[in-house]
Amino acid sequence: MNGKERIARRIAREVKDGYYVNLGIGLPTMVAAYLPLGIDVIFQSENGMLGVGIPPLEDVADPDLINAGKQPVTEIAGSSYFASDESFAMIRGGHMDMSVLGAMQVDEQGNLANWTIPGKMVKGMGGAMDLVAGARRVIVAMEHQTKEGESRILRQCTLPLTGTHVVHDIVTELGWIRVTPDGLMLTEIAEGIGPAEVQARTEAKLAISPDLTAMVVV
Amino acid sequence: MNKVVASAEEAVQDIANGSTIMLGGFGLCGIPENLIAALVKRGLMGLHTISNNMGVDGFGMGLMLEAGMIASHIGSYVGENRRLEQMVLKGELALTLIPQGTLAERIRAGGAGIPAFYTPTGLGTVVAEGKETREIGDRTYVLETALRADVALVKAWKGDRLGNLVYRKTARNFNPVMATAARVTIAEVEELVEPGELDPDHIVTPGIYVKRMVVGREYKKPIESRFIREKMAQAGGAA
Amino acid sequence: MNGKERIARRIAREVKDGYYVNLGIGLPTMVAAYLPLGIDVIFQSENGMLGVGIPPLEDVADPDLINAGKQPVTEIAGSSYFASDESFAMIRGGHMDMSVLGAMQVDEQGNLANWTIPGKMVKGMGGAMDLVAGARRVIVAMEHQTKEGESRILRQCTLPLTGTHVVHDIVTELGWIRVTPDGLMLTEIAEGIGPAEVQARTEAKLAISPDLTAMVVV
Amino acid sequence: MNKVVASAEEAVQDIANGSTIMLGGFGLCGIPENLIAALVKRGLMGLHTISNNMGVDGFGMGLMLEAGMIASHIGSYVGENRRLEQMVLKGELALTLIPQGTLAERIRAGGAGIPAFYTPTGLGTVVAEGKETREIGDRTYVLETALRADVALVKAWKGDRLGNLVYRKTARNFNPVMATAARVTIAEVEELVEPGELDPDHIVTPGIYVKRMVVGREYKKPIESRFIREKMAQAGGAA
């Protein structure tokens, strides 16, 4: 099991029966594959769909039925479609129980940067700013460090922000970090490493939860 | 009442150089392919476009970009156009990126007679720079203004000659809201039906919003990003 | 032909092919009965319908299909239904070509009062304030004077207003009065009376159009 | 996922005295008859209601009024309740009348995360008294704030157990928008269908907005104002 899969599997356990969830493009999308059995979860796609199903077989892919990543998807029994203004009214109005997004950086204030790197081509923020402003709970799913080994969990984000004070939880292959009013707190830790190592690989100051447990990724 | 014209060329013939044009679609899904082709054929210049994306190289609004027709663009994501970067850096095209929900809401406001509204989106980011902010209740919000256009080009599935439109699946996206926010809305449909054939309870865009209609000659409908089940098994993901 | 019918018939001639029109409750509703032949007009009802048809026969009246006056109506081929927020987005957004409303008072500024009389029971303004704020053209259809013979066309409204600077035209059984930046102008006059009599029955100052014509109510 | 409960009584059992409740409907059209009956049966007191009208004497919200359950009301037209006048004059009920479109838009804002917006409606009238006004472009607008409620009671035609709803003709009115703007939305439907039976393109209220559902036991659906064709011939009018 690689790091990304571990992250997706852990977040999947956080999804509760009856939740309405928006999954960002990339790693967050993987969460859907690992949901616990026996729970009903409805996925929203911000281009205008509730009840996003699994990807279709290639020969039945329908160009009129895509997710926000522009990938073909399918319906479930009970899907619905709506226009973009209605979709973001749903998101901004606080109706999504959970939004899982990728990130480039998160900081001690729960600030999030995930849409642009100055000097590189600006592609646009898409729906990310609306999702972090509107969802009841925002979970960041990302690898703990960059490929160059730099921490993505900082005292203060250096990249242009997607939102301020918006992240509730950060999940990486190393553990679960909760954003509290007093800063970041490590509440779960991956097997085989200790809190000191997690802190060493994190620029931000981590408080260690007195109830620190192993991050279970069944 | 008959809003149907014979061709996409006829439908766009009175659009002027320098117009502000909204174009429906999300990525390549639900875009007015035939009306875009007619715009490109006319060779209009200096257009100010409003659309969530900007097609891809070689398709959709990408064709307008390559023809040098676009002077400025407001959208939320333009990651699929390689030519765009050079044009923006050379100052040939003024690009404004705004959050997708704010884009949708500003257009909705333009159609609904709401000149401005407060939103939590973008607070504390570059999006809020230079904009009024205001505390309401226990939160701070950004003031955003309505967007309107001279022309909206939208794509529907079926329509009748009164301009009533229905959409198919996620090809709905920005089309209905843009249809409300332009001085002239032109709709292309895959299929023209008789008035009364569309159940009045199912109509998404009432005809009042549509000035002119055309039946699209053909639809390519490419799928931008293929991520089908076999590939999922390899990647270990789904959505 | 009584005064009300004359008013309705004259306004009906003002409705053009392809118009989308909202007719207020009472006298304005009568306009629909006198439309010129051969023109297509679509009526909106602000409770959420475009394409309002004629009233049904009593035995087929459908309680789920009423107009803003809460009277049963029918569909036309091409009707559509929408929710109240969408209906008023349509009205406020300037999409109605014409709104015809009744009034208690109109004044030289184009101010309109038609929803409440202080000291009497307040029933509410319903959609009237939205209609006058949003329609491209607001025509007031009313009898020239009250039953007590008082002018309804005043220098300044004395009743609480429905909207300020909103009325474009006033049609009574005596004539057609246009609201201009310089005040009110009589542009058409009913058969059998002269401008002096219209002025005598009007509190507001009326300019007489140099092109004054007879009010044709075929 | 199953949001259906056995009875209207069960659906409303956790609503507290003093709650703010939105009720769908326009006049007597599309009102949650069965949920209102259950509220009256419970004998809740001190309710703050938000609804376009207030039923008529002896039906719909008129029953709540007569039971003395309503402490305050926000609506746009209450002309059909004779008892109301005395209650307002005696100070037993605080009545706030606002324009119908402003009512709808404030509720829409409440559901859409928009805390406030500018509107032209009501400028220069009592509605704008004490409210901020602002020039935007060449016109002056009034600032209006969002409306939300503890509970919304809505009436739909058909629904599935996920809470997806469709409405019939003008019985749609305020129901869909109110469904978006409450902490708890309870829907009564005439007919329960299986998930997937409602075409996903036709669903008006996606299930996310609905917390609880019940199938209405019976519908009286009185017609408030009869103005049928024979009568029209006498009056010389139509609509």
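So that you can tell them apart, the chains are marked A, B, C and D in the order they are listed, and the count of residues begins at 1 in each.
Here, a contact is a pair of C-beta atoms (placed from the backbone, for glycine too) under 8 Å apart; a residue touches a chain by one contact, two chains touch by 3 or more.
Not measured: the values here are computed from a predicted model.
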**OP:** Using the touch definition from the top, list the chains contacting both chain C and chain D.
**Re:** B
Original post:
Which chain has its C-alpha centroid at the greatest distance from the C-alpha centroid of chain A?
Top reply: C
Original post:
Once you find the CA centre of chain A and the CA centre of chain C, what distance in Å lies between them?
Top reply: 55
Subject >> CA centroid of chain A to CA centroid of chain D, Å >> reply: 36
Subject >> Centroid spacing, where centroids are CA-atom means, of chain B and chain D in whole angstrom >> reply: 33
Original post:
What positions in chain D touch 2 or more of the other chains?
Top reply: 105, 108, 112-114, 119-120, 167-169, 172, 200-201
Subject >> Of all residues in chain A, the ones touching two or more other chains >> reply: 75, 81-82, 88-89, 91-92, 133-134
Subject >> Full enumeration of touching chain pairs >> reply: A-B, A-D, B-C, B-D, C-D
**OP:** Name, in rising order, each residue of chain D that touches chain B in their complex.
**Re:** 105, 109, 112-120, 134, 136-137, 139, 141, 145, 166-169, 172, 199-202
Subject >> Interfacial residue positions of chain D with respect to chain A in the complex >> reply: 1, 108, 110-114, 160, 162, 164, 180, 194-196, 200-201, 203, 206-209
Subject >> chain B - residues contacting chain A, complex >> reply: 26-30, 52, 75-79, 85, 88, 95, 97-105, 107-108, 119-127, 157, 167-177, 204, 221-232, 235-239
**OP:** Provide the residue numbers of chain C that touch chain D in the complex, in ascending order.
**Re:** 5, 8, 23, 29-30, 32-33, 43, 45-49, 52, 54-58, 61-73, 75, 81-85, 87-89, 91-92, 111, 121-130, 133-134, 160-165
Subject >> chain B partner contacts - residues on chain C that touch it in the complex >> reply: 17-18, 20, 40, 42, 44, 50-51, 75-82, 88-96, 133-134
